[in-house]
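One chain, chain A, appears in both complexes that follow, with chain B as partner in the first and chain C in the second.
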Partner chain A sequence: MSNKHFYLISLVLFLGGCVATTAPVVKYGDSKAVETVNTDFGSTDMQQIAETMSRSMLESPLVLGARQAPFVTVADIKNKTSDYIDTRAISNKIRSQLTRSGRVKFVVSISEMQNQVDELKRQNQSGLYSNQTASNMGNMTGSKYRVEGSISSIVKQNKNIKDVFYIFQLSLINNETGVLEWEDEKEIRKTASR
Partner chain B sequence: MIKILKIFFVFFGALICLSVMGQIGTPLPPLSDIVEVKPNESKSDENKTLKEEKVVDAAPQVTLKKNVKIPNSIAVAEFYIRNDYKDFFYDEKLNSNFKLDGNANTNPNVNSVAVLNGTEADQKPPAQSSTATVNIQSDVSYSKNYGTRTIISYKEIRGLTAQIKSMLIKAGYQVIQPAPYVHNGAQDIDVNNLKGRSDRGDFYDAAFVLQGTVINADSRRTREFIQGTTDYSYKQENSIIVEFNLIDTETFQVASSFTVSGFGRDMYLGKVNSTFTPRTDKIARELLSSFNQDALKKIQEEIPNLNKDAGVSKNTIEKDATSIGDVSTLKVYGKPKQVDGQENDDKKNPMTVYKK
Partner chain C sequence: MIFKRINMKLCKIFPIVISALLISACTSNPSIDDMTSRMRETDEVKVLDMRSILVNNQLKVDVSLQVKSTNKNISYRFAWYDKNKFQVYGAEAWKPLTIGSGQSGNIQAFAPGPAAASFKFELTSD
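On to the complex of A and B.
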């Protein structure tokens, strides 16, 4: 190998290394912009579902006609699709929008009970807190209603087209009577073609 | 001289007779007018009037014997809880009695005649009779008794009526503490026999008796898993339900009836092998608090209003609006003295009142 070839190969390797270590370009985008990367469940789907469901629940006669904000807890939202979907993120987003409206009050859900119990134990059983200021045990507020739901999907595809149909269903149930006080659903269709 | 003496004696005799008649004053009634008076007969008008006077005199005694109820007074009886427990008994007895009597008797025949001075053939031995009796008597008795007997007893629960009494006093009633019920044997009056106890004077002439009967008293200790955590809640819960009846001691009518309940709890959050020691004072405090709250609510709703026509209760103290009391020192301050026509709050003369 001549010196000419050696220098040429070294230059190529140098330039290649420079290209490989170049920092990625980061920029902020619109969080509410439509995301169409693929047909998987995405942020736009979650935003649509949360907004539609919370608006529908706030317009229900139960919430509109209530003199005092009803106490609600979030139960499980089941994922019946074949994909991994963080359903707790969906329920938290719905809860945030409902809480911001001020017409619904939420109590801790089952998934948050461990923290609640630990805090009560710390205040009541550690002996570190005065009786006057400690939060007493046995005074938690029970919710009158619970929110529960599910998300399902139907997927169909061929060589050129992939069609995904999502349906999200949410219900508000009276804990005492078991009556279904409100229910709504949101349908999303996503199609990808080559 | 003798004549003079005779005239003198005659004169003095007549004078003595006249003086004796003058002391009596009125002539004796004729025998036909004298009537023998017997205690149960009323033959004359004079006797009738005497009897009437006796009746009039006896009337106050009757009213004194009759119990005069104190107006607007309530005797708040302590609660009694019925305690039934079953006792198993077993009694087995075996009695055996064996008696053996034997009797043997030999007697010469009294009919045989011994021939004296006769031949040998004639000399028969004297006839004899022998009797032997044997009596055997055997008694065996066996008894077995077993079963369960229910023993009913009443326990007195004290300390639950303080707030009720306080409420009644504030409402203007005169609250009377009844005599404690102590059972004195099988012939004693039952605790629920209010008429018998009232006649015996247990309620001290109270117009009403507030009788509380414990319907249910429960104590439970539980351990429950808390969903969504790795902890358990350990609980000790006490509850009581009491039925109250306000009974008129004159007519024994139920003037009012209501039910009061109380609930006390202590809990502990811990893992599965935690040791829980309940704080009984906290449970009792919570139970009393909830019981009293419920009782005061029901009393306000159910207890009849004061009968103002019957008189004002003795213990209704008309409080002076200007008087100031200090609960801690039991001092009552009178009206502020007026200095130059204006009230001077700084100069208070405390009048110490020690409550007995």
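On to the complex of A and C.
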């Protein structure tokens, strides 16, 4: 083998090695760990908000003092920030935590209503189900309370610092009377500096 | 004579009763260190006090902290256990500790549900 061939093969092997080492390394991480990639709304913010709000609602006299778990539905959580935030994911997380406590019962929300109606129609109008096992129409449970809220942000930045202030507000409203039975807010400040 | 015998007996029983009471008190009230789990180097945070009460059968916790310095990013969470010492309601998310350097503060937590009978305060750093 000539020297020329040897150098060429060495170069190919070296480049091949470089490509192999730059391949991404995939590993699983702790989904509960604090995430500080940037100041955008992240997993830690969502988890903190859901936990604080669900615990605060559980502590309210309306929920904690109730003999029977109140029926609640989730209404709209408005995103008033300039970022894209999946507010449905936040409300679902709050709902999961409250449901697990056993102190609150949720009925289908407006966004889930179509699926509920479709299922009832399928069981009652398709002619495929026996009358004994089909879920009857007209027996849905109405919620006495609804949960609604909003998330807002204030962003300030200069050449070296970016400061983001999030405020999440949640209310529990009596559907019949319109009375605000419980309300709380969670503030989060995130700062990135060079 | 009878009174003297009773007094003698009481003198013998008294230390035993006192030590039994002390032992039972020690076992029913774990120390702050027992109730704190430090995952990594978190010496910057001193746990000053821990209190818990039952509100309508649900545990409410108050932890007093003193932060010596904020060189590291410290996070905390609570782990909840049922009366059989099994962890309940899953692991909480780690939350960044936002108490400033040289400051003291309190962290309050309300249990996720009525099954929580005891808790552990967990601390970790980056």
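The rule is simple: the second predicted complex is superposed on the first by the 174 of 194 C-alpha atoms of A that agree within 3 Å, B and C clash if a C-alpha of one lies under 4 Å from a C-alpha of the other, contacts with A are read in each partner's own complex, and residues count from 1 in each chain.
Please note the rule applied: a contact is a pair of C-beta atoms (placed from the backbone, for glycine too) under 8 Å apart; a residue touches a chain by one contact, two chains touch by 3 or more.
Because the structure is predicted, anything quoted here is derived from the model rather than measured.
Undergrad: Considering only the touch criterion stated at the top, classify A:Q125 as touching first (chain B), second (chain C), both, or neither.
TA: Touch partner of A:Q125: chain B, not chain C.
Undergrad: Go through the superposed model and pick first if A:Q48 touches only chain B, second if only chain C, both, or neither.
TA: A:Q48 contacts chain C only, not chain B.
Undergrad: Using the superposition on chain A described above, determine whether A:V117 touches chain B (first), chain C (second), both, or neither.
TA: In the superposition, A:V117 touches chain B alone.
Undergrad: In the overlay, answer first, second, both or neither for which of chain B and chain C A:T191 touches.
TA: Once the two structures are laid over each other on A, A:T191 reaches no partner at all.
Undergrad: Please work out whether A:G138 is in contact with chain B alone, chain C alone, both, or neither, and reply first, second, both or neither.
TA: first
Undergrad: Of chain B and chain C, which one contacts the greater number of residues in chain A?
TA: Tallying touched residues of chain A, the top partner is C.
Undergrad: So chain A touches chain B in one structure and chain C in the other; where do those two contact lists coincide?
TA: none
Undergrad: Under the stated contact criterion, what part of chain B meets chain A in this complex?
TA: The touching residues are 226-231, 265, 267-270.
Undergrad: Taking the complex as given, what residues does chain A use to touch chain C?
TA: Touch list, chain A to chain C: 30, 32-34, 36, 43-44, 47-48, 51, 54-56, 58-59, 64-65, 97, 100-103, 189.
Undergrad: Can you list the chain A residues touching chain B in their complex?
TA: Checking each residue of chain A against chain B gives 109-114, 117, 120-121, 124-125, 137-138.
Undergrad: Of all residues in chain C, which touch chain A in the complex?
TA: Of all residues in chain C, those touching chain A are 55-56, 58, 60, 73, 75, 77, 89, 91-96, 98, 109-110, 112-114, 126.
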